[in-house]
Amino acid sequence: MTRIRFHQNLDDLKEKLLVMAGIAEQAIQRSIEAYRVRDLSICDLVQRSEPAINRQEREIDQMALDLLAMEQPMAIDLRFILAVIKINADIERVGDQAVNIAGRVRDLQAMPPVELPVDIPKLASMSASMVRRALQAFIDADADLAESVLTMDDQVDQMNNAIYRTLSKLIHDEPSQTPQALNVLLIARNLERVGDHATNIAEDVIFWVSGADVRRHWRTGS
Amino acid sequence: MTRIRFHQNLDDLKEKLLVMAGIAEQAIQRSIEAYRVRDLSICDLVQRSEPAINRQEREIDQMALDLLAMEQPMAIDLRFILAVIKINADIERVGDQAVNIAGRVRDLQAMPPVELPVDIPKLASMSASMVRRALQAFIDADADLAESVLTMDDQVDQMNNAIYRTLSKLIHDEPSQTPQALNVLLIARNLERVGDHATNIAEDVIFWVSGADVRRHWRTGS
Amino acid sequence: MSGKLAERDVVNGRESPSASGLAVARPSAARRYLNAQSDSAFSDGFFKTLMLASALTIFVIVLFIFLELAWQSRMAIAHFGISFLYRSAWNPVSEDFGARPFIYGTLVSSLLALLIAVPLSVSTAVFITEMCPIPLRRSLSFLTELLAAIPSVVYGLWALVVLVPLLRTEINPFLMRTLGWTGFFEGPDYGVSMLAAGVILAIMILPIISSITREVMSTVPQSQREAALALGATRWEMIRISVLPNARLGIAGGIILGLGRALGETMAVTMVIGNRPEIARSLLAPGYTMASVLANEFTEATTSLYLSALIEIGLVLFLVTIVVNALARLLIWSVTRGASSRMA
Amino acid sequence: MGVGIEVKDLNAWYGSTHTLRDIHLNIPANHATALIGPSGCGKSTFVRCLNRMHETNPIARVTGTVKIGDLDIYNDVSPVVIRRRIGMVFQRPNPFPTMSIYDNVASGLRLNGFRNRQALDEIVERSLRRAALWDEVKDDLKRKSGASISGGQQQRLCIARTLAVDPEVLLMDEPASALDPISTAKIEDLIFQLKSEYTIVIVTHNMQQAARVAEKTGFFLNGQLVEFDATTKIFTNPSDKRTEDYITGRFG
Amino acid sequence: MGVGIEVKDLNAWYGSTHTLRDIHLNIPANHATALIGPSGCGKSTFVRCLNRMHETNPIARVTGTVKIGDLDIYNDVSPVVIRRRIGMVFQRPNPFPTMSIYDNVASGLRLNGFRNRQALDEIVERSLRRAALWDEVKDDLKRKSGASISGGQQQRLCIARTLAVDPEVLLMDEPASALDPISTAKIEDLIFQLKSEYTIVIVTHNMQQAARVAEKTGFFLNGQLVEFDATTKIFTNPSDKRTEDYITGRFG
Amino acid sequence: MQQRIQQSGQTWRRWKNHLATGTAVLGALVVVAPLLAIFAYLIYKGASSLNWAFFTKVPKPVGEIGGGMENAIVGSGVLLTVASLIGIPIGIAAGVYLAEFGRKRLLSNLVRFTADVLNGVPSIVVGIAVYSLIVVTQRHFSAFSGGVALGIMMIPTVTRTTEEMLLLVPHAVREAALGLGVPNWRSTVSITLRTASAGIITGCMLAFARVAGETAPLLFTAFGNDDKSLALNQPIAALPLQIFVYAVSPYNDWHRLAWAGSLVLIFLIVVSVSLVRYVTSRGVLKGAS
């Protein structure tokens, strides 16, 4: 039962997923970059990455399906493939969020620039680092690192809420800035969702590595 | 190879998923009811349903995992289980959206009531009917019905965009109503996401029934 | 055709490797060699014919024996007709011949041998395969196998020197005392007798029956024994329901083989049966068998009718063994039908 | 109804090879328990120790305690009695080829001197029904020999034969490994039905088979019991690294 | 290198039972093709028709065309010649028990009169290496008999023996069904490696095995070829309802 | 449950078990005892009568003390050589035919049956047949006729063991050979026969041992000869024949020689049988099945 090829295939699967994750993460970073420097060409770049991510999502799904059908994976291998299937969906959605952000940036661009009292790049770097950490946990099969992602999510939520309050107050005070503020508010929500997806990825990593379904303790608890 | 028990288990799995879907759908409807009649007790009901949905999500995931590990499902059975795993995640998120809506309603309740020129219940009934249709397609293994869900999604998106425009204009014109408008805007976004999840479910049904990965034609197309 | 093909392949192999369908670009040493080989159709045919001829030889030999015996005994057959088989007279001087005492002697001594040998050899086989400790098992089975190889003349010698005196002094008196009333064990007691022939025949066929029985019992699969044991059978019950039924076919075969050997056995019997052409109820009386009379009188037959009568006895013996063999085959065939699937 | 089996400190040898080492195990009553492990790890030896078949091998030796319910099988009773209470089904179907189907099923009872014809008829029918074989053979009960039916049917016949003596425990040593997939599925269904009434221990090389029929699974390695746990646990998330490696094919 | 196989209108009989009906099939060169199907559906018969082993059964009959490359095996050549070019590996390992390992591998050539010692040594070594057996047996080549090694090794020896005559096609009829999982995995790895050089046709009852080793899979039912397609297609999304039913265990 | 453990029946079952065991042990003893007796007596009598002269001298005239059986030993050698040359090739070839070419046919069944018949034909009948075929036509007894008689007797044993041993060779081995593209005859000779060779040798040895001790067919073919002879067309002596003549004679010294001859004969047979056992127990055959 030295299923060498099967385990190579699992490695390939992981590799593929990581490549895709890299693209998605880059898309998030680029979209924030676009936000910072107000550069439409970067928005284009981000939006063009979507088909690639979608294609890779399908390929990974198909590969996972083939492995399930052909290799009778068991125990840790099976959990790995299931984790990949779920992480795959999350990464694809991270990519979607990047595209959404790019869309918002495009809208913002069409409006007069205003200075808003919120630190989107900080929130973004927080979310992005959650994603990176979750992926590192996946690479290293490190459940502890994955756990740390779960705690970061609370901070991201708080930051998002703070931004929401700030912006809704701002709109109230400065109706003229409403369109810009609304867009930024939505960008913040997108980034918050990116954090959520990172959290999901971390949960899946924990499930794969330790077999414990972390949602048991966490979701019901919160 | 008359794997009678296995196929009973698959039926049980489907049954369980439908029960959970029923609860999630009900949660959406209730949250909108709460919005309509501004009833906090209904919000409570919705928020209390979340743990139940989460628990069922975990149970279904576990059951699917067990079946994958123990029964070597193949072809349509394997696709079915994978579809269930994905639909499961989507339904759980539909439940989350209901809870989010209930939260927004709770916020709204704390504010002076205003009359906003948007038809949230209509959007809600549209989204809910997408979910219901997707589930019906799942029950009947009906790929055509599932296809019809995909087209409905475009309408939901349009309605949501219209609401966004209306509200952002309103905020601009009537800054005093900003908090209410912002909450309603977010409710609309939540409903739009419900529609997205319904779309995902429909795609998974098509994948299960026909083996065709519908994302191929659809997502890349859009 | 085949030769031509081989040639073509060689050519292809050297000159245009890819021209033929199979001789592709990489003919290795092995491939090139094999492609040059013929398809052996002729040697196969020749071989088969040779084997067939040998097989037919056996048939021809038996047929020849039968025809030869029948031809050589034609004079006696013509002279005595069917009555030869049941008349008791055996008088070379008056040229009056009947085979009855010989037929009787042959049958009785053989049956007697079976009666003694079958239970003993089967229980020996059971002991050796199922009960006895492994080291002992080997030496015991070797011993019985050796016995099968001892020439009958040696048995005869031993019987003449050891068995007959032993019977006369120890066993026969005892038998006369205890079983005399049956009429089978009445005096006078010469030692050489039907009983002595039966006993020595029994000793001679014992190893045959027991080694065949042993062999078939050891081919009964272990799983059969385990099936019985797992149902809670004792060792004896296990032997009774798993071993013996599975082996019965082989045991029957062994018994028939033993009978065949007993019927035709010549030398040992000649040496101990007493060679008197009479039919007596008592087993202690001397008798005569078909084989012994041939051994004793064939070279002394002076007249052609005498010789012809002797050969007719040979013919009868031949026919009796054919009948026994046919019966054996019939028996084995009918038993196999019931358990044929075991063989599959 | 079945009874539980309690194994303590079981050690077994073939000659001087130590085949089983310090096995501790509680097999639950009225459930199916699967034993898996690589070839030669001692699974067969273990089940053969449970009904004292091990000792039929002249070079075999065993120490430790095995309790069936309250009965210490190595001290309280004779092997003949214990084997009747603990039925065994082997890897290759081994019906008695010289007996009819009916006689095969009746053989266990007949051995015990059971002679009541009518009761025997009933028991034979019930056993064959329980073994899901009745409908296929009812017309040839006394006409066909036990060896003249298909391999899968033969194996069910062997199960029926074992059921006829109404054992409390059923031991099965790779009962389906010699059968085609359809017969295998039938045997598995059968085990699944029987386990409410008997304590079943099944050795198998096929992990999916273990997964399908058994609630509990034990993993043997080199004569030791590495892990014993709920089947779903073993197959989705075993505790021991060695189990995980075996299950996922990283072994050897 | 292997060659493709083209089967047209193949029909086969045992006595009066029509075992294969109108088989049309193109087996690609240098790939592994798996044949699956329920017991008795004719898989073995089919592969035996591909190297004319079918006709060694006196009651067997066959019609139709089988082309190996350009060669019509039923019309252009004798069976002996065709069998040298189309190697076959059987369900149970069948090494020649009286021959050493070396002689087993050399047998295909020697028995055809090949005598060059040095070339033979080379061929034997290369074949054993290709069959992934060399390291395990190189020290006992001429000392151990072909029957004295383990079952898995025996099967690889049989593969080496077949490779030694340098065939273009390798037919395998359930080559791993008599082996334990570890040996099975080794054989599968081997097939996987060999398929770049040979056209391999493998019959198997084990769907995962088909999935693991073959690019193409054919599904037989009642002597007919129901579906022939890419393996992933067959196992994740077959076109024919009967295939789907068989694959998912809804069959029978 | 009514059928669970009926204590009453148990004692009786145990008893039956013991009874059966006892019977078997007893049977074995009864069988073994005379065997050992024969051997012991043979060795005791034979060894004391063996001397160098036995192997190097021909018999003395009636009444004279001394002499040996050189003529018989040589004669047996000649006879057995002739017999083996006739019996073994024909026997093996016929066995090959039965096993490989004619499994189900009428012809092969007929041959099989006649082989069994021939095996059962009493040796003395074979003697008569050969007598009328060769001795009568040649008008004198001869070593050749004796050899033919013994050879005929070897054929069925060799044939049937060959057939059985070949059938023991798994069909798979044949398929393996055919699958390699080996011609049928080559596969039969180099694979099937070779695989079964240990068993076939056993069969030949057993046939050899059997005819080595045969007396009856030699009575009117080889006839016996008091002088050493190697000529095929002259009467020739044979060990068993000589033993018989001496055993039934009234002279003590001849009895002594008979015992010595028996011991030598048995020794030859034991050696060949042991050799066979050694060969087969090396497990060459076991691998085949």
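Letters A, B, C, D, E and F mark the chains in the order given here, with residues in each chain numbered from 1 onward.
Here is the rule we go by: a residue touches a chain if its C-beta (ideal position, glycine included) is under 8 Å from a C-beta of that chain, and two chains touch if they have at least 3 such contacts.
Not measured: the values here are computed from a predicted model.
Hopping across touching chains, the smallest step count from chain B to chain C is 2. With contact taken as defined at the outset, chain A and chain E are each touched by B, D. When the interfaces A-D and C-E are ranked by C-beta pairs in contact, the top one is C-E. Counting the residue numbers that touch the partner chain, chain A and chain B have more than half of them in common.
Centre-to-centre, using mean CA coordinates, chain E is 45 Å away from chain F.
In this assembly, the C-alpha centroid of chain A lies 20 Å from the C-alpha centroid of chain B. Separating the centre of chain D from that of chain F, both taken as means of CA atoms, is a distance of 48 Å. Counting only residues that touch two or more partner chains, chain D has 80-81, 84, 111-112, 165, 181-182, 185, 208, 235-236, 249, 251-252. Listed for chain C are residues 34, 39-40, 234, 237, each touching two or more other chains.
Shared interface positions of chain A, defined as residues touching 2 or more other chains, are 1-3, 6, 65, 69, 72-75, 78-79.
Of all residues in chain E, only 51, 53, 56, 58, 80-85, 87-88, 90, 92, 94-99, 107-108, 111-112, 145-148, 158, 161-162, 165 touch chain F in the complex they form. Across the complex, chain D meets chain E through its residues 38-39, 180-182, 185, 205, 249, 251-252. On the side of chain F, the complex with chain C involves touching residues 13-14, 16-17, 19-21, 23-28, 30-32, 34-38, 41-42, 89-91, 93-94, 96-98, 100-102, 107-108, 110-111, 113-126, 128-129, 131-133, 152, 155-156, 159, 181, 183-186, 188-189, 206, 209-210, 212-216, 219-220, 240, 243-244, 247-248, 255, 258-259, 262, 265-266, 269-270, 273-274, 277. Chain contact summary for the complex, chain E toward chain A: residues 181-182, 184-186, 189, 192, 208, 211-212, 231-232, 235-236. Of all the residues in chain A, the ones that touch chain E in their complex are 1-6, 65-66, 69-72.
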